[in-house]
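Following: one structure in structure tokens, then a few remarks.
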Amino acid sequence: MKVGVIGCGYWGPNLVRNFSAMDEVTVVAVCDSREERLDFIRRQYPAIRLFTKESGEILKSPDIDAVVIATPVSTHFPLGMEALANGKHLFIEKPFTATVEQAEGLINLAEQKNLRIMVDHTFIFTGAVQAIRKLVDDGTLGELYYFDSVRVNLGLFQHDVNVIWDLAPHDVSIMDYLLDRQPKAIAATGMAHFDTDIENIASISTYYEGNLLGHIHVNWLAPVKVRKTLLSGSRQMVIYDDTDPSEKVKVYERGVEMIEDKNAIYDILVQYRTGDMLAPRLDSTEALKLASAEFYKAVNENRAPKTDADAGLRVVRILEAANRSIRENSRVIELD
Amino acid sequence: MKVGVIGCGYWGPNLVRNFSAMDEVTVVAVCDSREERLDFIRRQYPAIRLFTKESGEILKSPDIDAVVIATPVSTHFPLGMEALANGKHLFIEKPFTATVEQAEGLINLAEQKNLRIMVDHTFIFTGAVQAIRKLVDDGTLGELYYFDSVRVNLGLFQHDVNVIWDLAPHDVSIMDYLLDRQPKAIAATGMAHFDTDIENIASISTYYEGNLLGHIHVNWLAPVKVRKTLLSGSRQMVIYDDTDPSEKVKVYERGVEMIEDKNAIYDILVQYRTGDMLAPRLDSTEALKLASAEFYKAVNENRAPKTDADAGLRVVRILEAANRSIRENSRVIELD
Amino acid sequence: MKVGVIGCGYWGPNLVRNFSAMDEVTVVAVCDSREERLDFIRRQYPAIRLFTKESGEILKSPDIDAVVIATPVSTHFPLGMEALANGKHLFIEKPFTATVEQAEGLINLAEQKNLRIMVDHTFIFTGAVQAIRKLVDDGTLGELYYFDSVRVNLGLFQHDVNVIWDLAPHDVSIMDYLLDRQPKAIAATGMAHFDTDIENIASISTYYEGNLLGHIHVNWLAPVKVRKTLLSGSRQMVIYDDTDPSEKVKVYERGVEMIEDKNAIYDILVQYRTGDMLAPRLDSTEALKLASAEFYKAVNENRAPKTDADAGLRVVRILEAANRSIRENSRVIELD
Amino acid sequence: MKVGVIGCGYWGPNLVRNFSAMDEVTVVAVCDSREERLDFIRRQYPAIRLFTKESGEILKSPDIDAVVIATPVSTHFPLGMEALANGKHLFIEKPFTATVEQAEGLINLAEQKNLRIMVDHTFIFTGAVQAIRKLVDDGTLGELYYFDSVRVNLGLFQHDVNVIWDLAPHDVSIMDYLLDRQPKAIAATGMAHFDTDIENIASISTYYEGNLLGHIHVNWLAPVKVRKTLLSGSRQMVIYDDTDPSEKVKVYERGVEMIEDKNAIYDILVQYRTGDMLAPRLDSTEALKLASAEFYKAVNENRAPKTDADAGLRVVRILEAANRSIRENSRVIELD
């Protein structure tokens, strides 16, 4: 499979490195409008053709089978449509598109042309998320009660989209994958603390059938990174702290049953845990390595990849509804 | 000051111990309907008069100056009204009352009778909350952006009120004290996962003038205790983890200014912090010791105590609005 | 059983409280030369007889069955001998005695008089140490390789014994209990950083048959408390951090076998763990409650208590040898 | 500067990457006896000449200015001598050599030929060690009391040297750099738990003039990585945990002075800290990037590099003495 990469910002070198590392794949071309971003590629991968002005070469080149799109989200739709029209499979950075309508457009065209679209929801391929999904699937957690995710990022710099479009795709895609169901309603709030009208802090609540709640808080501009997800079930609870190098996932067993004796309750109130805690060993394979391999395999086997365009669409639908709720003063937005 | 204590459940022995420890205060009587709860008092404090059937003795006794009410919230209003009518000062457990109307009733009667009411928002008196308030007051944090509090408690047992009335008074009173302003609107969600209709998980969003957001998540039934509050400002950010014995409060300095250079941004994205972190030494005096002393001094000096009935009322107003929002499908409730 | 307590410093009130809490035991008398240390007892336990000048009353009183000795170590031997001579059972604070000879003297007299001696190695009764001992006993850890304990305490104040006699009894008694064997040799180093010749930092190495090493580091004067013990075996490893409220004991499974493939080794070198980590739920009963109950039961059942005088002697033997090694420039001291 | 690299094991690719990344340096040749280790180089750096059989090409090639030696320690001396004889500067992996005598041999020849030798004590170039050294230099820590370092590594595999030669060079070089003085005596213990006579656990004590103690514990075969260093001074204490991604260095202020009041002492005994804790922001530049740049600059400026051959020799002297102590039953070895 011959791959062309459009966009070589923060994530671009990782994409080039992982696709290049597969024996079955060759990265033949990379394009970025900033000359200095291509320097690294030029040094490390002298065989790759580089383009600064035009992505057209990559979108049209007959020797390219698949296009990796790692540009700002506003360009995903036009670039993706042109790539599909030219018969290329797509590996697109998150978020899939800027609107639900665009996502549906890409999905329809890919279906007509029998091409694959994979959205780079990288976290789904981490050992941590895979381990938690397994705990959900095998019933360890029991009935799911609550999903709470906090993602607070460093830095004080300009963005072209708000914090929901920038950070929340991670949490929403993890939530989509772990809960494996769709919210029936969404409410959100956001605040812009600078001259712009781009929200830098936001909070999203998601409501599900069956007494399940979700909550996501995303925040730029903080001086410390926080990436903590809590998934609470009737039997066990998981705390996933992505900044912890050795104990990212902690699984808490309940250990006690319904207590009626008030004095026993008082004893428990001063404790910190009621059961064992297990921090399972996690697969430490680089998530993007697994994601790029999955893309190649899906194309090769002519099947939908793990984080396909439908997953991308589900995430965009939630992001879009959250932004609508913010504009309408945190009104609860019903989804169908 | 002679004190009578009504209710001797989980918190009762702590109240008796702290009021007894003051030289200026004598606990003369304790009342609880459960005989076994009085055993501990009988052993340790043989001089204290004990009552099991009737709180009337305490409410009416002419040698009692102040009454401590540590009974279920539904009884706070009638017991408090009778105590005030009999000329007693009040030290009332959180939440102050079950409704805003009840709170206003107690406030009015106390004013007429020139009596003091203090609500036991114990956390306000911790070294941690005092240290954070100082960071707010002296401008260290800068303009406040976000308050986020998660309180997840152990245990699986029956309650007479929902998790908002049980746990959120802690977070709401801390938020009230640290932010020092009132929300203009509130939305909340809650879920009951058992046969009862008592919510055991809930989430409250509070909206303020001036681009400030608050969020509180409370949760019973978890196998591990979580008590984490994040307060984010324009200059610094505080993370308060009440379960950490030695580093409860961590203050993160920003350390970097607005960055325009995209390559510098990429460097920052892989880091965990952008400035120093300071974990200040905290006063470790028992919070209830300070609270009970404050009550005595306020009565003695004929002034409002630190966490007075108005603070209690503000908290009850938020709890009441949150419960209304839950009943109305998370509708945003405007406060005046 | 009627108990008299001699010495009411830091630990005294805990001893009085725990012995008083047992239905089968009555604390009838307490003695301390400092009047202010008895105030607390007077308030809380009006029925207890108090003595400031003379411990003789307690040592001789015919209505006292057992004496608790919580005075400086230099007085343990004379007080203990007199108590035994008067037919009292002994509960003695750690360290048991100031010399091996004194320990043997007490043991001999107790045997002659058929009396019980228990040494207050409180940590042995913690849920943490009990859980680790279980992992040793059931073979979970495998063959033991290494015991390493660091105990760094707060504060800058005067002591009458060096840091080995003050802090190391905790670690040595834990090591004695967990390893369940005696060292064949000991070397130690210590430093006195103040005008006195009392060491405030010390390090003890213990050598065992069968390729087992022990190491203890004790340190006063630090600004932060450290209490960390590492026990490494052929199958699993335990890290016990006594300052961690919810995850005191962490058990690390190995998870991988002998690896020959060099490339696989390179992969492992960048990881943090090779197997699961389990933090078992620990019994949170107060250790001193269990210790005082054990003493009562041992006396009642006419049997040796769990941490008996022999355990106390073993600890003193190691402390004595460590101090000798320090005086002889860290020479390795052989034990028989 | 043209560089040839001999040895391409675990660390080799990092060396090639960092030397290649400098504009002023070109890696012209890499040699390793294992063909598969060169594959990565071949892919990423097609311009580099590769050799599998002979290191002679690199040692002799007239277009090579400096040789990087990353082979087993037993080969450092012969390879280094030949490289120096051929007029090459040397960048040698730690430990510098297998014996003090070899180290002195290399130093003498380098002096005769006016060539530079740098030993790759990479940790010295980390932001963490640099920050701690600054605290030592500016007197923040006060007089140094104690250095304690624990390095426990993952994995169960064969080694050609014992754990002291493998892991302790890190700790010894950090200790050498931070304390900036030489021990007057050394004692050590080690154990081999497998059929071989290669110690896999070892402990080194170092004694200094002026009441300073050092202790290093190194350990293979553990299921979890531990890399913790404690440096205690008269004013402050530092805990350096290299596995903590965001708070590697914690500096604890004392905060209290000499306390004479016994009751105040009892209060402090139940606390965890007596002063503030500061976790300073650390420079996160890759240490090897700084080390390789230092080597280039030292060669260019004709001056000794930061971690020069003398530093390498000091480390080897301690390692050699520690091994001698082990062979002589932990005898204290005096150094001159």
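The chains carry the letters A, B, C and D, assigned in the order they are written, with residues numbered from 1 in each.
Definition applied: contacts are C-beta pairs under 8 Å (C-beta built on N, C-alpha and C of every residue); 3 or more make two chains touch, one makes a residue touch a chain.
Just so you know, these numbers come straight off a predicted model, no measurement behind them.
Each of A-B and A-D has its own count of C-beta contacts, and the greater count is at A-B.
Set against the C-alpha centre of subunit C, every other chain centre is closer than that of A.
In this assembly, the C-alpha centroid of subunit A lies 39 Å from the C-alpha centroid of subunit D. A straight line joining the Cα centres of subunit A and subunit B is 37 Å long. The set of subunit B residues that touch two or more partner chains comprises 224-225, 243, 245-246, 253, 255, 271-275, 277. Subunit B contributes residues 20, 43-44, 46-47, 224-225, 243-246 to its touches with subunit C in the complex.
Listing the residues of subunit A that touch subunit C in their complex gives 245-247, 253, 255, 267, 270-281, 284. Partner subunit A is touched in their complex by these residues of subunit B: 9-10, 34, 36, 143, 145-146, 148, 150, 152-158, 185, 187, 189, 191-193, 201, 203, 205, 207, 211-213, 215, 217, 219, 221-226, 230, 232, 234, 236-237, 239, 243, 252-260, 262-263, 265-266, 268-269, 271-275, 277, 329-332.
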